[in-house]
Amino acid sequence: MTELTLAQANTIIEAAFAKASELKLKPLSVAVLDAGGHLKAFQKQDGSSMLRFEIASGKAYGALAVGAGSRWLNTTAGERPHFVQALSAMSGGKIVPVPGGVLIRDEAGAILGAVGISGDTSDNDETAAAAGIEAAGFTADKG
Amino acid sequence: MTELTLAQANTIIEAAFAKASELKLKPLSVAVLDAGGHLKAFQKQDGSSMLRFEIASGKAYGALAVGAGSRWLNTTAGERPHFVQALSAMSGGKIVPVPGGVLIRDEAGAILGAVGISGDTSDNDETAAAAGIEAAGFTADKG
Amino acid sequence: MTELTLAQANTIIEAAFAKASELKLKPLSVAVLDAGGHLKAFQKQDGSSMLRFEIASGKAYGALAVGAGSRWLNTTAGERPHFVQALSAMSGGKIVPVPGGVLIRDEAGAILGAVGISGDTSDNDETAAAAGIEAAGFTADKG
Amino acid sequence: MTELTLAQANTIIEAAFAKASELKLKPLSVAVLDAGGHLKAFQKQDGSSMLRFEIASGKAYGALAVGAGSRWLNTTAGERPHFVQALSAMSGGKIVPVPGGVLIRDEAGAILGAVGISGDTSDNDETAAAAGIEAAGFTADKG
């Protein structure tokens, strides 16, 4: 596994913002976590509300937790709410189970980290995250 | 962005109490938080029950967290309960997702803080909060 | 025991601010807790830093915890640090063991609540708290 | 008070990295928090160890908590360890009381946020933080 670099993380954030600008999304917060779930880079656009860092990184953390984009957690929350509640409690509340947390995979399929975005609708957050990941040359796994 | 002053926060509380008196509401607890979610002023009327500070400030904190009055959280809790549960867990239980948490916006739309009220019905709590905010010359964003 | 009223709590805060103004203290945060340790009233002067509510109320909470002004906790922290550390852990971090948390006693000696102040030196914080309590006609117990 | 913008926060981080490169410091993690203690921007250089985000932001958070650079907390920890321990417990462990957390002040002296850096010695971390703040046209308050 190659490790995600800061340069790549910054590229992902810039490209996510560019996609958001193109789609005229609301101000976003974008978190990039490494494969160990630790924050590599983060930027909050002006006007993005108070707890958006926690929400954005919680989507990315959740994706890494189960090895699937946070859309999978969103679906699972409908089918087996007790499982998602247990994940939340188990992690000390670090998991946010809605779309917008997308895994960063290399060409061999290895997980290099995850991107979490919050600020617009969950679907749009996810679109921006995937655009960022692909702009950096990786594969976006939405779950 | 102008910072919310103590004089303004006190005006908001007094005006909220005046509206509550006019509407013959039950004893209220009124919390005013700054834009960063930190308590600026609080008053609990005699007879307002034990945990009303936590409830009132939790409504205001929730509003600031997502940049919308806590009525939005109340609606979202019905549609996507797992998201609101995650917000609650993520914030260490600091978010109370029912009406009565109202954003304080200036004329440019910037968020200066939030008012949270608890003690009567959520709808009446919200009415008193909005009255307080408007009496201080700001715009009340109920969500 | 008579219960502390909101009017009395507000009088205490105003008188503490008056004393602070007279002594030219830095911007203060003043918390008034009832006998059960629940917040009755709070005001943060403009310029008082971010976590001053938590510090001020932690002094008052500590005073109520052991039935002595928080100066007693400060002294005890020097003599028996393990006891004060245990109080802190036991209370979930709600106790701040430095001067500035002063008990509000009625003429029979009953505890009606406590005032906690933070912003200037601990000694000056305590002086302002005692002045507030006495202005409301109560006895200040500094510990 | 002007609100800290994302552009300014990014400038601060770039300038801190430039100073670190000039001084040949170890890989750094740099967190920029807004005045309310919420993360605005963060970058972790390749090779900076696992919990550096938490350490860097804890220095900045501590500075904001008491309205002084985290060097003040470091000194106070020697003189009144029980106070700093209480701050740590009270904040849920969010405060790291060593140098490297520096307040961002505007020309009127208002606090716009704080920068926290971790990775090299505390003194060098602080030097890089101050360089970043000054490069963005603000005043660095080391405490």
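Letters A, B, C and D name the chains as they come in the text, with residue numbers starting at 1 for each one.
Rule of thumb we're sticking to: a contact is a pair of C-beta atoms (placed from the backbone, for glycine too) under 8 Å apart; a residue touches a chain by one contact, two chains touch by 3 or more.
Just so we're clear, the structure is a prediction, and the values are computed from it rather than from any experiment.
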When contacts are scored as defined above, which chain pair ends up with more C-beta pairs, B-C or C-D? C-D
I need the pair from A-D, B-D or C-D whose contacts repeat those of A-B. Over half of the residue-number contact pairs should coincide. C-D
From the centre of subunit A, which other chain's Cα mean sits the farthest off? C
State, to the nearest whole Å, the distance from the C-alpha centre of subunit C to the C-alpha centre of subunit D. 30
Using CA atom averages as chain centres, what separation in Å is found between subunit B and subunit C? 26
Hey, what residues on subunit D touch two or more of the other chains? 3, 35-38, 92
Touch graph across the chains, line, ring, star, complete or other? other
All pairs of touching chains? A-B, A-D, B-C, B-D, C-D
Can you name the residues of subunit D that touch subunit B in the complex? 1-3, 34-38, 92, 110
Touching residues of subunit A toward subunit B in the complex: what are they? 48-51, 54-55, 58, 74, 77-78, 81, 84-85, 88-89, 92-98
Could you pull out which subunit B residues touch subunit C in their complex? 3, 5-6, 9-10, 36, 38-46, 50-51, 53
With touch defined as at the start, can you tell me which subunit D residues reach subunit C in the complex? 35-37, 64-68, 80-83, 85-92, 111
